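One structure, as structure tokens, below. Some questions next.
Chains: A, B, C and D, in written order; residue numbering restarts at 1 for each.
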Amino acid sequence: MAGLDILYFAWVRESIGKDGERIDHPGGAATVADLVTILAARGGGYGEALGKPDKLRAAIDQRFVPLNTKLEGAKELALFPPVTGG
Amino acid sequence: MAGLDILYFAWVRESIGKDGERIDHPGGAATVADLVTILAARGGGYGEALGKPDKLRAAIDQRFVPLNTKLEGAKELALFPPVTGG
Amino acid sequence: MTISCRIGEVDFDPAAEIAALEALGGGGVATFTGIVRGDDGLVTLRLDHYPAMTQAQVDRVAAKAMERWPLLGIRIVHRVGALKPGERIVFVGTASRHRTAALESCAYLIDWLKTNAPFWKKESFADGRSAWVEPRAEDDAKAAQWEE
Amino acid sequence: MTISCRIGEVDFDPAAEIAALEALGGGGVATFTGIVRGDDGLVTLRLDHYPAMTQAQVDRVAAKAMERWPLLGIRIVHRVGALKPGERIVFVGTASRHRTAALESCAYLIDWLKTNAPFWKKESFADGRSAWVEPRAEDDAKAAQWEE
């Protein structure tokens, strides 16, 4: 089974306590939101970081996507708060 | 009688052949256009520079003015083509 | 068209960026430089960043800017890591034959960086507090105005 | 509010202008630098100028810009005399706490300089021709868009 690289940034990274991790790909039918729910269920820092999906933004393979986007074909998923650069 | 300093710029200056001159003030009832007509009547470079008033712009005491502005109170009159700075 | 985009911890020299843009022979160079403000006792601003995504995005936004304005060059520098008040954080410079193209594209790119580039700021204050910066609705509105 | 306006024959250093604006603590510095283009075999660009009027105007336009945007500083440099292709001719820089204020006021000031400041350009070409530059309707339109 293929893997999926997940990256965390800003307070998502701080709460979970790591920059990212590789997981088993949950399958192309699963959405970003589905995966966020699965990860949040791990509790602890995961619950803290991912428990309120409306505060999260996501990118698949370096492109912003809405959280209801399916993970089909995704190689890299990034989870983070709204950006505040510049 | 008071004097009026006239300044010439760009091709107005080149045609007339000087940066400016001091003349007897033509009186507060005279307009810039009236004075331009008087000066153009001198002929030569003056006629060349000032014969087509629609190509001219003017400033009285360092402020742009329309050519129909009266010279009342004017100390310095500048005559020039439309500006092309920057 | 010359595009340069550097993301990193090192400081940069606006003069060198401008010189590179001037050398393109365009006639007009517009720039924006962002500096860390020391408001409310700010001691350190720390920037987190997603490098691969920024690079991919810069390529796309530069292509968009080129469609929209006749540009000769784009230079973007964005610092990451820990910054102090008074330090430069971001630079955007554009060169064009036309001043309006240079000015508008410069504004477009900095608005884009503020709202779409994957950077996150964390502020640390003299009293020990620290907090991630919240996005401003105003910035989203600015970026939205460029949508056609 | 710091206003600096220099008109003269000497070249200038955009880096020094930007450094002065950065030092105002605003957070945002926007600049525009104009460079002489070597189009159509241009050899020399000569600028004629009405110094007393420029100074009076700059005071008025800076006051207008201040009413319109929350600015910390304005720096304008305009060269006169004989210039070669590739040489800098004009610089406008603004500093503000807000990037939009810096960017918009910079565009406003350069549009104003193009259309309202008493400068006249004469071009000399490799083939011996020389001619005073005609104003462009486009520039007047740009400046008019700022009228309220």
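Convention: a contact is a pair of C-beta atoms (placed from the backbone, for glycine too) under 8 Å apart; a residue touches a chain by one contact, two chains touch by 3 or more.
It should be emphasised that the depicted structure is a prediction, and the values quoted were computed from it without experimental measurement.
K.L.:
What's the chain with its C-alpha centre farthest out from chain D?
P.N.:
A
K.L.:
At what distance in angstrom does the C-alpha mean of chain C lie from that of chain A?
P.N.:
Chain A and chain C have C-alpha centres separated by 26 Å.
K.L.:
Between chain A and chain D, tell me the centre distance in angstrom, where each centre is the average of that chain's C-alpha atoms.
P.N.:
49
K.L.:
Would you kindly tell me how far, in whole Å, the mean C-alpha position of chain B lies from that of chain A?
P.N.:
Taking the mean C-alpha position of each chain, the two centres sit 73 Å apart.
K.L.:
For chain B, give me the residues that contact two or more of the other chains.
P.N.:
Answer for chain B, listing residues that touch two or more other chains: 86.
K.L.:
Among the residues of chain D, pick out those that touch two or more other chains and give their numbers.
P.N.:
If we look for residues of chain D contacting two or more partner chains, we find 34, 99, 110, 114.
K.L.:
Can you work out from the touch definition every pair of chains that touches here?
P.N.:
A-C, B-D, C-D
K.L.:
Which of the residues in chain A end up touching chain C in this complex?
P.N.:
Checking each residue of chain A against chain C gives 7, 9-11, 13, 59, 62-64, 76, 78, 80-86.
K.L.:
Would you tell me which residues of chain C are touching chain D in their complex?
P.N.:
Its residues touching chain D are 13-15, 18, 22, 25-38, 86, 88, 97, 99-100, 102-104, 106-107, 110, 114, 142.
K.L.:
Using the touch rule from the top, collect the residues of chain D that touch chain B in their complex.
P.N.:
Going by the criterion above, the answer is residues 34, 47-50, 52-53, 56-57, 78, 89-90, 110, 113-122, 132-135, 139.
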